[in-house]
């Protein structure tokens, strides 16, 4: 009797302890096997593939399967995956989207793991780590990289226009007359008969080279299109960031800036919006059809890789308040709440956020990793390739950055703002039409 | 028209055997009929009837798929009435349908007459049918390439002709007409074949009589061909109109509703609200409205054009 | 009487007497134009698929491939390394059309087999069997042809999700598997017109309906069923919306959906035109093959199916 009781007791104890560890799956299962990881930037794929290989060497019972999808496909397939229960275990997350995902409880909170594994959040560039703490106070990601905006320019065109690189690096702008920024852009615009944009007889309907390239209307953020200008006037997208609940597209300063921006296309210094469909701003630059492109630091590899064009990078113009501004975006890797490989995923995310991986990314000179030490290494790697990236790193050093707007309902906001901004930038509607769009946007938050 | 090769009346019914299932005939087939219909019935109920009911139910809820539906009464419908994008989608779709019908019917009718006149070979008909066999996605991408603003071949020719390049997909004025053109290109062969078959069905003697009576080509066309073609034409019209209202594939793959809202057709807008913006209830409500519109359109067409009757009979 | 001559007004019975009839010549010219417009774009697709991206801009209108290369096809089948792909203007992304091709084949075959077979059974019941309410039920079925697919797509999506069948081949196939309204309509028409003698003879011999169906009706209907199967297969091959909703993960994605996202694969760049055209060709290939093999059947079916 006693023996059997003892045996039963032991069995019960074992059973209890087994059920105590690991939510749905046994903990052994959740820390082994293959985990799926998604990203969208094909340029970064080689770097992360190497990270995955190194990770598997260090953790032989975990393999990482990386899938790359183009930007549009990425988000719709991801959402579909959440709905269908087939989302990836780990995926690259974006500030503009993560609010909704957290709200819909699709992300796994990693506070416990971060604390347990002593992740040093101060090693990241300032402000990045806090961005990934949701409205509920829980952490949903570890910073991966950051980016800012700069002006890519065609050195040869500058030289033949008589604009010095020094001038280029010290441009000024204001919404009334565009400052020296507009002057340079106008001067760099050349029509088919060779006349420059600021010369008499310039034919704005027959432009051969545009002074400034155009990506699109910019929808709700205008990350590369206009935010580096609008935010120098003291304007910001939302009442507070992150987690604002009121957008400011009805602000007079903002609308003036957009009027100026749309005016550039009117004057012939910037391509018409309709011509950007099916084309890419970077490729148009490479074809010699634009002299300056405002774009993000993640594009450095692409721009400097074009054959036959010498590219320079200048910081964004100084605004009417005497300061520069650049949108500061940071990506992070998040874990899907429904993952069956929780422990393995956490290990992978921590690896991605560690110096081991971020140094690899830095060495490939494609983006700036989030860790301070790694991003310095990236700057060095860029320099070793002959690319001067101070235009991007300056913003971080001088704290002239502002965050990508992080709120709820971003998909709906974008759905409202994309056509509204397109209408303004294409000249179809005046900037004052944005007030009505703004009302619709703010109605989402009531 | 194809018919089953008839077996000659070689089997004489045996005179002394009584007819099987005599008076039971009326009901006797029910059991077996049910068996035969069962699978189709399952499909019909599960994937047509139930979704219809559920769709109507969902239109009265707010549902973001990841949670549970929340009943909100007619809120979705009142919001739709005030939604500029909804009215825009109606206008845009209407524009598309109109352009499509006019172009497609005119071209198809012309082609059918040409074929009837000049050449009836399968090869020619096959060549014209080729675009129809390709999917909407393929047709859209093919033209997306050929009409590209920077390096598309069509714009190259336009430039050679001395005209300014046209941003077919980027310009608001051109966006929907371009979609209509793509759709017409894809369907004109098929529609032409439909009408062609109808032309073939008109007995030759009718024309001979007309000719003997001294009717001119135009009069023959107007007074004989068109009226006899009416059932076919009506069918073609109804099918084309209903089909055009449901344009989605070509838009999704090329312009995604843009530029601005110039190609945000109804079905695309429904997809956008339901799947991209996770607003299933709202999307369902618009779908209900679309269904009602289509039912109305079909009803009006059949009623006014009297497609059920054929003047030949 | 004066006639306003235009190509649309040629009388039906023109006699081919004259050696050169300007009207006929115009008619032919227009027909040739229509054929050219229908067929040439595909040749253009082929030409682009065999070109290299970087040379496209320079040779925008030349009829021959710009810098002939099979690179685009290699890219689409995942046979090029990321570096090579980027060098040729591709995206360096992973694309694997073999899987999409397989998925399309499976999807189209299963749905065609199921829909045609079950629809044939139902059509037989509507055409040949006598039972109460037959016409009413048939009208109901016919009514489904009027329902816009989008209307049932949303709830069907939810149903498949509730059944935990999202992103599975079974989930994609289900709504089409049991019947398509068109198939029932098409076959019922045919069965209605079939001669009854053989059937009645068999019944007199005591054969049950099931046997009659399988041993007499089906074999005799082989031709229209084959045609229907062809048309259904092609239609299913070209489906986009439903597979987009329900089959977004790679292992079940079909060609049309894969094609639709191919465009957006390039990061920050213009579409990989040659790759896109190669992918388009590959997506069209099976239908082209079917058409080459069974073209006559398909073409001749249009008239029959189109008229009530």
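Labels for the chains are A, B and C, by order of writing; each one numbers its residues from 1.
As a working rule, contacts are C-beta pairs under 8 Å (C-beta built on N, C-alpha and C of every residue); 3 or more make two chains touch, one makes a residue touch a chain.
Keep in mind it's a predicted model, so treat the numbers as computed, not measured.
By number of C-beta pairs in contact, which two chains lead?
Greatest count of contact pairs is found between chains B-C.
Greatest Cα-centroid separation from subunit B: which chain?
With centres defined by C-alpha atoms, farthest from subunit B sits A.
Any idea how many Å lie between the Cα centroids of subunit B and subunit C?
Centres of subunit B and subunit C (C-alpha means) sit 14 Å apart.
Subunit A to subunit B: how many Å between their CA centres?
Distance between chain centres: 42 Å.
Averaging over Cα atoms per chain, report the distance between subunit A and subunit C in Å.
The mean C-alpha positions of subunit A and subunit C differ by 40 Å.
Listing for subunit A: what residues touch at least two other chains?
72, 76, 80, 83, 278-279, 287
What residues in subunit C touch two or more of the other chains?
Counting only residues that touch two or more other chains, subunit C contributes 57, 161, 245, 263, 270.
Among the residues of subunit B, pick out those that touch two or more other chains and give their numbers.
Residues 65, 144, 148, 150, 275 of subunit B touch two or more partner chains.
In the complex formed with subunit A, which residues of subunit B make contact?
Within the complex, subunit B touches subunit A at residues 64-67, 85, 144, 148-150, 164, 167, 169-172, 255-261, 264, 272, 275-279.
What residues on subunit A touch subunit B, complex-wise?
Going by the criterion above, the answer is residues 72, 76, 79-80, 82-83, 100, 104-106, 205, 272-279, 284, 287, 411-412, 415, 418-419, 422-423, 426, 428.
So in the complex, which bits of subunit C are touching subunit A?
Going through subunit C, the ones touching subunit A are 57, 82, 86, 91-94, 161, 164, 166-167, 245, 248-250, 261, 263-271.
Flag every residue of subunit A that touches subunit C in the complex, lowest number first.
My answer: residues 40-43, 45-46, 67-73, 76-77, 80-81, 83-86, 278-280, 282-283, 287, 299, 302.
In the complex, go through subunit C and note every residue touching subunit B.
Contact set of subunit C toward subunit B: 1-5, 7-14, 24, 27-28, 30-31, 34-35, 37-39, 41-42, 44-45, 48, 56-57, 60-61, 118-119, 121-122, 124-126, 129-132, 134, 137, 140-141, 144, 146-152, 154-156, 158-159, 161, 174-175, 177-179, 184, 190, 193-195, 197-198, 200-201, 203-204, 206, 208-210, 213, 220-221, 223-224, 234, 237-241, 244-245, 256, 259-260, 263, 270, 273, 276-277, 280, 283-284, 287-288, 291, 295-296, 298-300, 302-304, 306-308.
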